[in-house]
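Shared chain: chain A. Partners: chain B in the first complex, chain C in the second.
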Partner chain A sequence: MQIQVPEISLWQVLPELIVLATAVGVLASDLFVKSVQRVNVTLTATLGLLIAFFTARSLEASATPIFAGMVVRDSLSILLDQIFLAGAMLVTWIGHEYARRNPRQFPEFTALVLFATIGMMVIAMSADLIPLFVGIELLSLPLFVLAGSDKDRLASGEASLKYFLLGAFSTGFLVYGIAFIFGVTRTTNLTVIGQSLAAHAEATPLLVLGFALLLVGLGFKISLAPFHMWAPDVYQGAPTPATAWIATGSKIAGFVALMRVFTLPDVSFAALSDYWTPGIWWLALITMIIGNAGALMQSDLKRMLAYSSIAHGGYLAMAFTSGTRIGAEATLFYMAAYLLMTVGAFGVAIAASRSGQECEKIADLSGLARQRPWLAFAMSIFMLSLAGMPGTAGFVGKLWLFGAAVQAQYYSLALIGVLTTLLSFYYYLRVIVYMYVHEPDDRLLFNRYSFSNGLALTVCAVGLVGLGVFPNLLWSTIRLCTGAV
Partner chain B sequence: MDALLPSLLFYAFAGVILGSAAFTAFARDIVHAAFSLLFTFFGLACLYLYLGADFVGLSQVVIYVGGILVLLLFGVMFTGHQTQETEKRTVNFYWGLALIALLGAGMVPALLKAPWAVKSAAELPEAKSTISSIATLLMTDYLLPFEIASLLLLMALIGAVVIARGETKTDEGESPETSA
Partner chain C sequence: MVGAFFFWIFAFTAFFAGVGVVASRNPMHSAISLVAVLISIAGLFLALHAEFLAWILVIVYTGAVMVLIVFVISLLNLDKDEPIDYTAARRWGMAALTMFIAAFLVYLYADPLIGAGHPAKPPVPDDWGSVQTVAIDLFTRYMIVVQLAGVLLTAAVIGAVVVARKPEQNEEREPGA
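Entry: the complex of A and B
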């Protein structure tokens, strides 16, 4: 039998291969080098991620699927690769600081972050449900391990188990949904699914059930209410750098999967938008309310950030519901902004430790401005950006998100969004009040933080202000991706 | 009469699967539940074979019965099996019931109304092993997902070591031998 081997275009997946090589290299260094120092691990990872970043930048975008239609190297996937790689780099840097405080298996930690990054990049370039699914698994599995990697704390194990069980449960929904969709359309290729639905767009109950299950499965990953229950416990229990990557990378990748399946590249369920749009509409509404209401009541910094992250998932879902190009653009922009501010906030939580004790309660930040003015200033930028203060990327991003919802005539959704945003100022500003107004406990000094963490925080803060003042730096690239130019 | 035997077989398999699955769900003792799961897995394997999916059926036996179930039983045994501790309690019974009723109400009509492409026996392709065509597909069209899946396995291996390894390593420059 003659077997026709499809073209193997390794050049197109070079960034993924470089990240893989870095991950394996970081692990192998433990075997072959006498003493592996944390700084070497971080430098290796940074170097690998930088090379991958610039390789991704230099790739030629093309809408033609490669690897027998499995993946597509369009400009969207190239942009997302860069976002994920930059995020992985920031997480590695704040993880470096975390490992200094809490001695642990740092090479493994970094390698798992890199593996999860590959999963995200695979999701970003999927043109078929099968690589999408494998990518989601490759993203989730390292995060389960990372959540439980702090074996000295019971909460970390609890977080890992909860995350794992609910993650496995949601995977069940996801596969079930994919199976139904395959049953109706007899293909897993997203483009072909889109074409066949557009050709005879009748929503058979099986198909509706299929994408409802798909939505539930992905809803768990991006912690949309009512599938958000795991998030606060996991965010609180997991080691903080792992939390940062769960809150940003995993959530962004989940939204990318939603985009790939439901709207982009102008395929798939667009023909059935009458059916899935109300679903996401309600999820967005509930998520915004529950996320913000939950955040109001927290005194624990990581739990507060968890609820805030749920709320931001709601804002993103709101723009996504609009299904328009401006909605997709706003979602992409906000993803980048969200990555910077959330990683930054968790980075401050790591840096603002006292005598090795990480900052847990919001009250632990009291007097940070007096002792570590730059930390407090950076945290203020992150909090103001999360709240959506003008001059930060958070404001510009939210403006576009609400704009997309209004343009699509989802007035009530946009109204709830604006109201909950106003509510959110309370709990974000409370952090700033603690840092600047409350008196520090002079018996306990804040620890010094390392160069890598300072660098990560500086990059986040400068990026947020930069994008807030010159949003076109990113916006023009995003418009290229969605084909607006 | 030709159709009687196949459909009898189907209902026999389905009965075994449903019955043992129900027993797994309702059994009070976790070891009983695990053993009952054995019949579910075997029943599923039979169903796959019955549908002509020989490779999937055999993998079902090798992976689920040979691997996962044995692991499950070992897990129960090594973690100290005492009847009181492993007895199950029912929590959130009514919420669960409501959720299942909701799912069922969505799923059953959807499955009943689905436009299945029914083929008569004459239209079916000649029965032959699916192994070679699966192998061909894995090495051609599905090459990339296949490779990513192997990456997933590598990662799972590393993750398992990270989770299972006992002591935490001290920070700078400790020799790797101590942590093996």
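Entry: the complex of A and C
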């Protein structure tokens, strides 16, 4: 029998391989080097991620799928690889600070963050539903464990179990959706599905059900309302660096999966957009309202950030609904901005601990400005950017998101978006008021934060202001990338 | 004809064993019923000439996963579990919902439009579903996915270690402790 082996182009997936090697190297470095602070673990991870980052930058984009049509190394996947790698680096840095105080976490913590990163990168380069599905699993599994890795707190175990059960359930929806779509089109290759649907854009009930199930499965991952129930509990219970990666990496990867499956022009399901657009339209609307209304009522910092992250998922979904090129560009830009401001906010939550007491309530930040002025300043930038204050990347990103919705004539959606954004100023500014106006509750001093955390926060803050003032730095790359697709 | 005969045998077994999984009060009986479901589904796969899938289903699910489930049930001593008392309204509500979903699925699969207009299904080769053809597919077309599954398993092993490790075991490694 003749067996045709497809071309193996390992150098095209070199960034993923480097991250894999780094994850193993992180475990090995803890085995052989007895470092008190386990600086070696963070250093190994940083080095590996940096190498992977620059390897990804140097890769040449090509729209031709590789590995028998399973994955594609187009400019979109290269850009997203860089976003994920930068995010993983920031999370490793803020995780280092957390692990210093909770030594039980290391080094599997960093290794699992890296494994989840590989999953995200696989999603970004999927050209077929099968690797997309494996990528989502590879992303979810380490995050389930990370959520429960703080064994001293019951809430962490609860978060892990909730996340795991609902995640497993949503995986069921995802597989069922993929099976239905395969049943109708007889292929899992996204390009072939797209061509087939473009030729016969007939929405059979089976196909619509396939879409709907896929949307539900991915909706869980990006915590779109009404599939957001798990998010506040998981975000609150999980160790803060894990929360940061669940809130950013996992959510962005979920949107990338939606993008790969639903919108890329001429590829995939774009042909049937009339049938799925109303679905995402309603999800975006409910998500924006529930996220912002929920955040208003929180006194717990991580819970507030959880609802805020749900709300931001709604804004992203709104631009996504437009299905236009500008919508895709705005989504990509906002992903990067969202990553920086959310990781930064969680980083401050880690840094602003008092001796033996983690920062949990928003009130725990009282008087931060007096004792740690730079920390409070960075947090102000993150909060203002999350709210969408001019001068920050959050503002530019939101402007484009709303612009995309208006351009697609979704006026009511854009209106709700603007109104809920105004509402969000209240709870973001409240954090700043606590830091600058309120007196510290007690005589306890805030801990000194580590160099790595300071570095991460600096990168986030400078990045946000930089992108806010010179958005073209990223925008031009994004335009190249959507233009090429 | 023979194929249809086996289909009905296995389909009925799977259906009634499936009812047994949810209906029996004793978790051990549920587990045994699930074994019966899996074996009959393996039979259905065999009737469709998907040999590899059938054997994998028996080996992995019936052999490994179900044994684990039975172990867990015995270790946790769950057989004196108290039945959940649903109100009559809720019971009927759930039954109605189930029937609705079942009817919806039947409607979907009975739809004559399924696959209409899409490229015709290529004829099924004689050796379809054999271990050999599955292996060739796995190691050519789906090669990178198989590799990724390996990465996934590695991550799962590390995760399992993290989950299973008791907090105290790490104390001695802490500085100054």
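Just a few scattered comments:
Here is the rule we go by: the second predicted complex is superposed on the first by the 472 of 485 C-alpha atoms of A that agree within 3 Å, B and C clash if a C-alpha of one lies under 4 Å from a C-alpha of the other, contacts with A are read in each partner's own complex, and residues count from 1 in each chain.
Simple rule for what comes next: contacts are C-beta pairs under 8 Å (C-beta built on N, C-alpha and C of every residue); 3 or more make two chains touch, one makes a residue touch a chain.
Keep in mind that this is a model prediction, so the values were computed, not measured.
With both complexes brought onto chain A, simultaneous placement of chain B and chain C is prevented by a clash. Legend: residue contacts after superposition of the two complexes on their common chain; A:E360 is shown touching neither chain B nor chain C.
Judged by the touch definition given at the top, the superposed model places A:A199 against chain C, while chain B stays out of reach.
When both complexes are overlaid on chain A, the residue A:A212 reaches chain B alone and has no touch with chain C.
In the superposed model, A:V5 lies in contact with both chain B and chain C. In the superposed model, A:T185 makes contact with chain C only, not with chain B.
Of the two partner chains placed by the overlay, only chain B lies in contact with A:R100; chain C stays clear of it. In the superposed pair of complexes, A:E158 makes contact with neither chain B nor chain C.
Applying the stated contact rule after C-alpha superposition, one finds that A:L31 touches chain B and leaves chain C untouched. Comparing the two interfaces of chain A, the one with chain B and the one with chain C have residues 1, 3-6, 8, 13, 20, 27, 36, 67-71, 103-104, 108, 111-112, 115, 118, 122, 130-131, 134-135, 137-138, 141-142, 144-145, 148-149, 151-152, 183-184, 204-206, 209 in common.
On the side of chain B, the complex with chain A involves touching residues 106-107, 109-111, 113-115, 132, 136, 139-145, 148-149, 151-152, 155-156, 158-159, 161-163, 165, 168-176, 179. For chain A in complex with chain B, the residues that touch the partner chain are 1, 3-6, 8, 13, 20, 27, 30-31, 34-38, 67-71, 99-100, 103-105, 108, 111-112, 115, 118, 122, 128, 130-131, 134-135, 137-138, 141-142, 144-145, 148-149, 151-152, 160, 183-184, 204-206, 208-209, 212. Of all residues in chain C, only 107-109, 111, 113-119, 121, 132, 136, 139-145, 148-149, 151-152, 154-156, 158-159, 161-163, 167, 170, 173-175 touch chain A in the complex they form.
Listing the residues of chain A that touch chain C in their complex gives 1, 3-6, 8, 13, 20, 27, 36, 67-71, 103-104, 108, 111-112, 115-116, 118, 122, 130-131, 134-135, 137-138, 141-142, 144-145, 148-149, 151-152, 183-186, 196, 199-200, 202, 204-206, 209.
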